[in-house]
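Starting off with a structure, shown below.
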Amino acid sequence: MKVKSNNNKGNSADNTAILLMHCPDKPGIVATITRFLSEWGGNILYLDQHVDQDHEVFFMRLEWDMDSFGITPRDFESHMETMAEKFDMTWRFYTSGRKPRMALFVSKQSHCLDDILARYTSGEWNVEIPVVISNHVALEDHVRKYGLEYKWFPKTADTREDQEKYELEILHKYDVNFVVLARYMQVLSPHFVGQYKNKVINIHHSFLPAFPGAKPYHHAFERGVKIIGASSHYVTNELDEGPIIDQDVARVTHRDSVNDMIRIGRDLEKIVLSRAIHAHLNRKLIVYKNKTVVFS
Amino acid sequence: MKVKSNNNKGNSADNTAILLMHCPDKPGIVATITRFLSEWGGNILYLDQHVDQDHEVFFMRLEWDMDSFGITPRDFESHMETMAEKFDMTWRFYTSGRKPRMALFVSKQSHCLDDILARYTSGEWNVEIPVVISNHVALEDHVRKYGLEYKWFPKTADTREDQEKYELEILHKYDVNFVVLARYMQVLSPHFVGQYKNKVINIHHSFLPAFPGAKPYHHAFERGVKIIGASSHYVTNELDEGPIIDQDVARVTHRDSVNDMIRIGRDLEKIVLSRAIHAHLNRKLIVYKNKTVVFS
Amino acid sequence: MKVKSNNNKGNSADNTAILLMHCPDKPGIVATITRFLSEWGGNILYLDQHVDQDHEVFFMRLEWDMDSFGITPRDFESHMETMAEKFDMTWRFYTSGRKPRMALFVSKQSHCLDDILARYTSGEWNVEIPVVISNHVALEDHVRKYGLEYKWFPKTADTREDQEKYELEILHKYDVNFVVLARYMQVLSPHFVGQYKNKVINIHHSFLPAFPGAKPYHHAFERGVKIIGASSHYVTNELDEGPIIDQDVARVTHRDSVNDMIRIGRDLEKIVLSRAIHAHLNRKLIVYKNKTVVFS
Amino acid sequence: MKVKSNNNKGNSADNTAILLMHCPDKPGIVATITRFLSEWGGNILYLDQHVDQDHEVFFMRLEWDMDSFGITPRDFESHMETMAEKFDMTWRFYTSGRKPRMALFVSKQSHCLDDILARYTSGEWNVEIPVVISNHVALEDHVRKYGLEYKWFPKTADTREDQEKYELEILHKYDVNFVVLARYMQVLSPHFVGQYKNKVINIHHSFLPAFPGAKPYHHAFERGVKIIGASSHYVTNELDEGPIIDQDVARVTHRDSVNDMIRIGRDLEKIVLSRAIHAHLNRKLIVYKNKTVVFS
């Protein structure tokens, strides 16, 4: 696993490939795959594996140098199909050449959006943002300052179906790979979620499963908790019940009003959401049984 | 507020008094009380106040030096009654002379008990532990090594009423001021709780209000949370719904099994429970509308 | 301390006044001042006090409603002078009418700047930013998008004196109250610091006093620490030795390269700096003997 | 990597083996070793690897089921010698049969000792404690209550050499594998440290590298830090400069006196030390260039 260049694990700008996989656990999986890579000259940069002992499932993330790799990505994929069949494997394969394309959904609050755009502008992330979609005009000028497309249209329970049709068209038109709900205050339909399974990241402003749904800071205040939190998760059809990607918390005291909690919480929300995006962008996440494996 | 001795705020060994009070908020409360103390030579060591803006309630904790205080505790109390009437005040008054008496309730797990006994033995806390009560014999030898009384009797839903009668007798006999449930696996009856209102401290092994009730670590594991927690609270008649005193959390990952969570959680539980006991012992807590004001 | 409006403690938009004071500790200070306010109809919204037992110093922050306050700010100040003489008091008095004016100093990195500008734009803070000053042109376009003034000029050890003269002129011209070094990579001269004593806030990218000076993440990596941090502090003439306002930390592991630490650290830096600015803006800070009292 | 029994990763009571190794990084290491284990029927329970990109070093921890492993530990070791030569590998091999033997060194403070003994007594750890050594008589009765040997003798700079000779004899006599300094207030000589290289775990009461040496809480108080910490590390000949195993921190405020910091710090110290012991016991640690790799 010799590495020539000085790339760091999160932001490899070089010619690398990533394999994410899981399958029923049995002996010899690591040996089989690493031998295969080794034989074709694929120097492993990073290997992380996990065994879910309860469900007897094996998970692995492999990242390797493609420079001296003796087969093309296409050939690798066809080899994988054979191996996958043998081990009953679910897998995804990514090469560093393709830059992921992320759409943002926003409403009126800007703190998560701002945090994302600051990272985008500074080049912290290897991502394209072809479009920002909203149910309000509020942030249009703000977004356009960054030279980004902004599409908005009012949305109610009644018009949701039509609007989502239009939103999905936009996502297809802009070739969007995944969606980030940056404090987007609308529930997505099962149809929409089904189109982007494990590809819609939401931020919820509580330490789930406490305080799902609306106004979590008000509920936290009423309950008198001493710690508030934020949780990023993939969106499923059950509100705030999707697989949790990351969470973080902050201490509060009896002195903190609901407004103080909201203010303190904004910082949690933006950091936790951005960490989830970072993990997703770096192909660190596998979803299994409504939980995430988060490779380090 | 001149202080001669080098006492620290938590462990004053000197001759001090503490007043905890709350009342409807109106102008002049601080001025009235501090002037009263000042006139009688009571040097304030510590004043902390809080106004609940929603409910318009004023809370205060005052600690002062009794050495040069010109009136007796008894006289002070009678003055307080007058002031309390004027301001519609609820108040408690403590002098440093009386050492609080704490009973421990335990079942089979020892980690919280051990943490408490270590602090007790080393003199960290200004407290007496006249008796340990259990529904199991398991920890008897362990407790008796410390020279403490251990009372135990099996307890089921059927026998709860009788046993609690006996437990309450013991508490009265030993002149117990407050009770700590150190991972005690039995629910107390409303009758018991009514006898020790805001005087029974429990530790629950989750970050409430997430995962109340039984087996919270199993539920946390199933939900795939990235953070687990523990919460100390005063016991009320609603299970795990009492006013929260303190909480703390620890990160977990997909690698952590339920048993890992239980292991990591034990350290949270014991520290959070002991912090709650410390706050209670130092008269830092006021309960209001099922929430705590925790003076610093 | 009746409060009619629903303002929260950090962002009172109403007509309030704040007194920050410290003096040698002696009996009767709280009583004297609160009685004075009470007599003139000043309803106390917030009182926090602290006694430094080692140095026998009393600190207090008082915030009260000016609506029914019977004397003008000017008259209050002249009364305070009398009281200050009696108690040998150091004090500052602020009314909510005046919006503080903050200048930002930046170099090439934008994450702290972006975090500040996002809060500024969204109206989170009650502050004006009349000017951004830099030793690089790099962030000029970025800053001007927000409609802010941007002044820059190259700066070396040789030219520092001249440039600082110019910087100070700008600060005076724009009537700047305090300065924030948002990852500004230049040391300020004692002359500059002397002009803005306890009014220049810096962010250092380590948990001080560990790793002062240049390249703290590299040193942290070399030392193999398991926790990295960031520290906001007032600038003094000793590099990274000024009074600490706030700190925060994040876990790292052996997997994290220097670049990972830098990435993780950026989030710490921006949040810790913004929390320090928030505390400064809300008049929560008193400096004494190179330490801060941070009122809650 | 099929696992039949329901063991969790930290406390496997079954028949398992652990290999810890590091070597210059080159292609094929994982493939070679995992193929070897696979061929002999060793089901991998756990594999964690890390590449230090700066120094081009490969680290791995492997844990596997010995039940169906086709060769004896002794034969495995001789195979390893061959592989080790080929890859220039440093390695250690452990089987679950042998229970590690830990000696505790204490002085007068009991909080770390108590935390360790509570875990020992409750069976949380798979360890023997054949002896406790001290430079004071203070904790003798306390330790003997647990049925443990307690050896003590006064120790000064002058007598250190002689006493250490005696201590080393005791360690050999009791077949001690590693030593824990549970707030032991004496510096060990290079001779002693050389005998137990990477086998003496200390707890230092600061977030190293801040505040090494004596009285760190006093220094933290003087510096006005807002966060205090504790650090566990392997002892080397440079005081408080050994490889850090774990660290943790707690917030403090201007209200906290030195004594408050000491009190809060005790909880950090005991938890951080016990976490380090847990990692050491579970063979999770490799030391390289004065840093630790801590496998998860």
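Each chain gets a letter, A, B, C and D, in the order it is written, and its residues are counted from 1.
Keep this in mind: a residue touches a chain if its C-beta (ideal position, glycine included) is under 8 Å from a C-beta of that chain, and two chains touch if they have at least 3 such contacts.
This one's a predicted model, so the numbers in the text were calculated from it and none came from an experiment.
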Intersection of contact partners for chain A and chain B: C, D
Residue-number overlap at the chain B/chain C interface, same or different (half cut): same
Chain of greatest Cα-centre distance to chain B: A
Counterpart interface for C-D, drawn from A-C, B-C or A-B and sharing over half of its contact pairs: A-B
Euclidean distance of C-alpha centroids - chain B vs chain D, Å: 36
Where chain A touches two or more other chains, by residue: 8, 53, 253, 255, 257, 296
In the complex, chain D residues that touch chain B: 8-11, 110-111, 114-115, 118, 121-122, 124, 142, 145, 253, 255, 257-260, 263, 266-267, 271, 274, 296
Residues of chain C defined as touching chain D within the complex: 50, 52-54, 207-211, 223-227, 229, 243-249, 253-255, 257, 290-294, 296
In the complex, chain D residues that touch chain A: 1-3, 6-8, 25-31, 34-35, 37-38, 41, 43-49, 51, 53, 56, 58, 251, 296
